[in-house]
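Data first, discussion second: the structure below is written as C-alpha cells.
So that you can tell them apart, the chains are marked A, B, C and D in the order they are listed, and the count of residues begins at 1 in each.
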Amino acid sequence: MYLARVFVALKKGVLDPQGETIKRSLASMDFPGVEEVRVGKVIELKLDAVSEDHVRTQIEQMCKKLLANPVIEEYSFEIMEV
Amino acid sequence: MYLARVFVALKKGVLDPQGETIKRSLASMDFPGVEEVRVGKVIELKLDAVSEDHVRTQIEQMCKKLLANPVIEEYSFEIMEV
Amino acid sequence: MKFGVVVFPGSNCDADVKHVLQDVVNQDTRFVWHKDPLPRALDCVVLPGGFSYGDYLRTGAIARFSPVMEGVMEFAAQGGLVLGICNGFQVLTEAGLLPGALMVNKNLKFMCKPVYLRVEHNGTPFTNALNAGDVIEVPIAHGEGNYFADPEVLEEIERNNQVVFRYCTREGVVNAQANPNGSVNNIAGLINKEGNVLGMMPHPERCSEEVIGRVDGIKVFQSIINWWQGRK
Amino acid sequence: MEPTVWRSMGLRDDEYLRIKELLGREPNYVELGIFAVMWSEHCSYKTSKPVLRKFPTQGRQVIQGPGENAGVVDIGDGQAVVFKIESHNHPSAIEPFQGAATGVGGIVRDVFTMGARPIAILDSLRFGDLDNNRTKYLFSGVVSGISWYGNCLGIPTVGGEVFFDKSYEGNPLVNAMCIGLVDQDKLAKGAAAGIGNPVMAVGARTGRDGIHGATFASAELTEASEESRPSVQVGDPFMEKLLLEACLEIISEDLVVGMQDMGAAGLTSSSSEMAARAKTGLEIDVSLVPVRETGMTPYEIMLSESQERMLLVPKKGTEDRVQEIFEKWGLKAVKVGRVIEERVLRIKEGENVVAEIPVQALVDESPVCHYKVVEPLDRENLKLDLDAIPEPADYNQVLKSLLSSPTIASKEWVYEQYDHGVGINTVVYPGSDAAVMRIKGTSKGVAASTDCNGRYCYLDPYEGGKIAVAEAARNVVCSGAVPLAITNCLNFGNPEKEEVFWQFNKCIEGMSEACRRLNTPVTGGNVSFYNESPQGAVHPTPVVGMVGLIADIDNRLTQAFKTAGSKVLLLGETKGELGGSEYLYYIHKLTAGTPPGLDLNTEQRLHRVVLEAAEKGLLLSAHDCSEGGLAVALAESVITGSLGVKVKLPQFDGRLDALLFGEDQSRIIVSLSEDMMPELMEVINRHSIPYHVLGEVTEDGFLVLTASGSEVINLSTGEITNIWREEIRCRMS
C-alpha cells in the first residue's frame, strides 16, 4: 500500500484572495511580521499498487486530469510505502 | 525571513465529503486501487521574525486561534529559514 | 423591542433581516457595524447570513474576531437573545457560543431551495409561536451547512433538548432523504444550553411575507417579540 | 521597430502604419501595447461597429442607450433599471470556474459603476451535448463559478437558460447579465470630466494577470490557448462586495464625477474611454498605482486585467472623504493622476513620460473593417425532407424522451446552486418563463429573461434573430410584464469568414426589425467573435436579455397550472413547423429545415391580449410554447403545477409529430377559471388573435392529449415530473 501526498497551489503571480484575507486578519489580530500568505490543498491518497513507479505515473496522470488545473495551479507530490 | 507551512486536516472520524467525491471521480476515470482520499489545506506563511523559536510560538498561536478549528480539524507545521 | 443586525464585511442578508424586522413586524431595528462596539440598549442581536470575509479559510472563522463580537459574547453571557442565521450560525459555532461546526455540504454544492423543518420544541424564545412537531417550510441557501459535532457533544446536545429544528419530509419524518446537506441527526437549528442563543441554517427572513411566496418564517420573529413582551 | 513586435501584439501592418501617422512618429513599446488592446476587436468593435448601427436605440423609455457602461430605462416614480449582458466565453473554455466567476464580476461592476444597486443576475449558457466528460466538466465548473461569485456578492441569480448543441463543443458560451436599480437623480456616468479633478485607482491591487486578455478574446481558441496561462484571472467576490458597497456609498454622498470598471484592457481602456466621453485628457503616474508584484513595468501596469479594480474621478477636494469611505470597507483609494484639458492620455512613471497618445486616436480613430456580406450559396444540406423521417409509433415514449433532452429538462440542478432568494425581492423564482423582482416600497415589479435559439439562427439568421427578440419579449409577457428594452450578447465565429459575417449581419437585421416592432430598443450589449473550435464556428447565437415592467405585481403570472377545473386555451395559431426543432435534433439527430416563421404583427397582438388579460386579473397561468412545442409546454405547466390536464388538440391535417412538437412561434398557453372566459373572449376578439380551447386542468394527475378523437398521449404527472426534473441531476452525478 502506498500513501501519496499531492500538493496543489496557485501558480506564482496568480492572485490568492483567500491568502490575502487571512494575512489581513492575522495582522488585525496582532500577529505582526506576516508578509505573505498563500493557501493550497493537500490531497492524501491511499493506493494499492504494484510498484512505486506505477504509483508515480498514476498520480502524475491524476494531477493532470483531475486534481489540478494547469491554467492557474501547479502541483507536486511525494510518495511513501505504508 | 521564515517560511512556515501549516497543514490543516480533518480529524480522523470526521467525514470528508471532498475526499469522497474525488475518490469516486478517480474510480470513474479508471484509476483503480484508490482506497482512501482525504483533502486538507496547506497554509504557507512568510514571516519576518527574530528567531525560529519565536516563529514556532507565533504559528502555534495562529493555528489555535484562527487557522484550524479544533472541533473538526488538526494541524501540524514545519518551519524553515529562507 | 430593539434589534441590532450586525454587519460584517461580506454580510449580505443584513438588509433582508432588517426589512422584515422593521417593515413587517414593525420593530425598532438598526445595523451594527462590525468594528463598532455593540450598542447598550439592544434586546436582541441578529447575526445575518452572507459570506463574511468571503467565507475564506472557514465560514465564520474570521468574522468571529471582529471587534463587535466581544460585545456579542458579553451580551449572550448576560442572557441577551442572539439569533444567528446561516453565516450567523457559522460565526456562532466558530465563536464557541454554540457547540459543533458547520462543514461543506455533503454534495459539495451550494444549495438554494425550500426545505421542511420539524420544530423540536417550542419552549424557546425563538419558537414559542410554533408548536412542537409543527412542520414549517423555510428556504436554505448555503454551501456549508453540514452540521457536525463529536459523538459525546452530540449526545449532550440531544440530552439537553438543544436541537430546535430538524430537516424533515413534508409529513414531518426525519430521515436521510430529507437531509439536504449531511448534517448529523438532521440538525438545522440549535440553541445553547442556557436557551438564549439560537443558530439556524435556514432563512426565516426569506419566508416572512406573502408576496415572496412563503410565510412560515415570521413565526420565529413573532416568537422573539412574544417572549420579550411576556418578560416585561 | 521589427514587424514581429506589433504582429505579436495582434496588430496588422496597415494598422501599425496608421498608428505612426496618427502619432506623427514611431510609437514606443508601451504605446504600441496600448494601441494593440484598444484597437483589438474586443475593445474597438472594429468589425461589428458598422453593423451595430442598424439597431434601433431610441424610445421614450430609454434614459441611456449604448455607449455607457450599461443601458438605463425608465420605470417611473423617478426610478430606473440599469442592465447589461456580457460574454466570458474564452476564459470559461480553459478555466470554467474562474472564467465564469470573473464574467459575473465584470458585468456586476458595469452596473454598479452607474450608481445602481444590482438586484439580479441572469446567465445564458451554451455547451456541447451533455454526454461527454469534458462537457460535464465545463458545465459543472461554469455553474459553480457563477454560483460562487454571485452568491458571495449577495445578488440573486434569478434566471437564464442552458442550451446543449454539439456546435458548442469545445467552445461553450457563457453570458452573464446583471440588472440594477437606481434613483434617476443618482445615475453616475463613466466620464472623466472637470479639468483638474483627481483620478483614483480603487479596489484590488494590480498584478500581472491577463495581460493582453483583450487580444486573446479576439483570436480563435487553439490548443495552445490552454497553455497561455496568464490570460485567466482569479476572481475575488469578497473584494467585489466591498467595492460595490464603497462605490454606492460615495455615489450616495455625491462625491463622484465619473467612474468605470477596469475590465478588458484594464487601466488603458478605462482611462481612455472616460476621457473620450468627457472630451478631456488624463495624466496618470503608473508608479502610484498599487501593485501586488514587484518590478512591474509601465507596460504591464497599463495592460493588466487584474479583477475588482475601478478607475474613479471624484470631485476635487473630496479625496479625503473618498479615502475614508474606502478605508471603512477595508479598501484603498489611491490618487494616480488627474484630468487634463489637452485631449491626450499621458502616462508617466514618476517624472518620466512613458507614453502620450491623443485620446481620439485610441477611441475614435480605431480602424473599421468593412467586410463584404456574402450570402453562402450552398445551403442545400440544411434542407429538410420530412418524408424521410418516419412518424413515431409511440408518442408517449417520444414525449418522455424529449422531456429528458438536457435543453428541455428542468434546470433545477443549475439554479439550486444559485442563491435566487437573497435580497427578498424575487417574486417569480427560476422555473417559469421570466423571473420577476419586486421593487420594495412600490407595487411595481421588473421581469427579465434571456433567450436565443442558435439553431434557428444557424438555419436562418434573419428569422433566428427576430425570434430571439420575440421569444424574450414573449417570456416577459408571460409573467405579466410589458417588455421595455433589450441588451444583447452577440456570440459568433470568426468574422473574417464570409459565412460568419453574413450570419452576423442577418441576425442583427432580424433583431432590429423585431426590436422596432415590439418597441424594445437596444440599450447596449457585447460582441464576442472567434467562437470557434476545431469543428468550426459555433451556431450564431445573439442572446437577447429583455427587461419588462409590471405595474402591479399582484397581477404577475407563472407558467404553472393552478387549480383543477380551470380552462386551458392556446392563443396563437398552430401550423406544425418542425424545422430547427429540438424534436428533430434530439430524436432524429437532425439540424435542418427552416425555423418557424414569425409574424411580428401577430406577435404584438398576442402580447396585448395576454397583458390586458393579466392586468384585468383574468388569468391563472401563462406559458409560451418554445423548445419541444405544444406538448412540452403543456407538460411543463402540468409538472410545475403538480396537476393534470385533459386536452383536445387543434384540428390538424399534417403529421402528428409536427402538431405536438412543432415550435410554431407566437403561441401562449393560458389557464383561467371558467367564469372569466367571456371577458377573455372579448379581449381575444378585439385583437383578433386565433385561439383554440384545449381543455381543462384536472385533479387526477395525468397529461392526456387526444387528436381527432383518439388518445395520443397519456402519461402520469408523477412519471414525467421525475424524468424532467432528474435528468440533468442524474447525468451530473
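Operating definition for what follows: contacts are C-beta pairs under 8 Å (C-beta built on N, C-alpha and C of every residue); 3 or more make two chains touch, one makes a residue touch a chain.
Small disclaimer: the values here were computed from a predicted structure and weren't measured.
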Chain pair with the higher count of C-beta pairs in contact (A-D, A-C): A-D
Round to the nearest whole Å and give the separation of the Cα centres of subunit C and subunit D. 36
On a C-alpha centroid basis, what's the spacing between subunit A and subunit B, in Å? 10
Among the residues of subunit A, which ones contact at least 2 other chains? 17, 21-22, 25, 29, 39
Touching two or more other chains in subunit C are residues 53-54, 56-57, 62, 65, 107
Among the residues of subunit D, pick out those that touch two or more other chains and give their numbers. 236, 238-239, 330
Interchain contacts (touch definition) - all pairs: A-B, A-C, A-D, B-C, C-D
Residues of subunit C that touch subunit B when the two form their complex: 57-58, 61-62, 65, 93-94, 99-101, 103-108, 146, 148-150, 182
Quick check on the complex: what are the subunit B residues that touch subunit C? 14-15, 17-18, 21, 65-67, 69, 71-72
Residues of subunit A defined as touching subunit B within the complex: 1, 7, 9, 19, 22, 25-26, 29, 31, 33-49, 58, 61-62, 65-67
Residue ranges of subunit A touching subunit D (in the complex, touch as defined): 10-11, 13-17, 20-21, 24, 69-72
Parts of subunit D lying in touch with subunit A, wherever the complex brings them together: 94-95, 98, 204, 207-209, 226, 229-230, 232-236, 238-239, 292-293, 306-307, 330
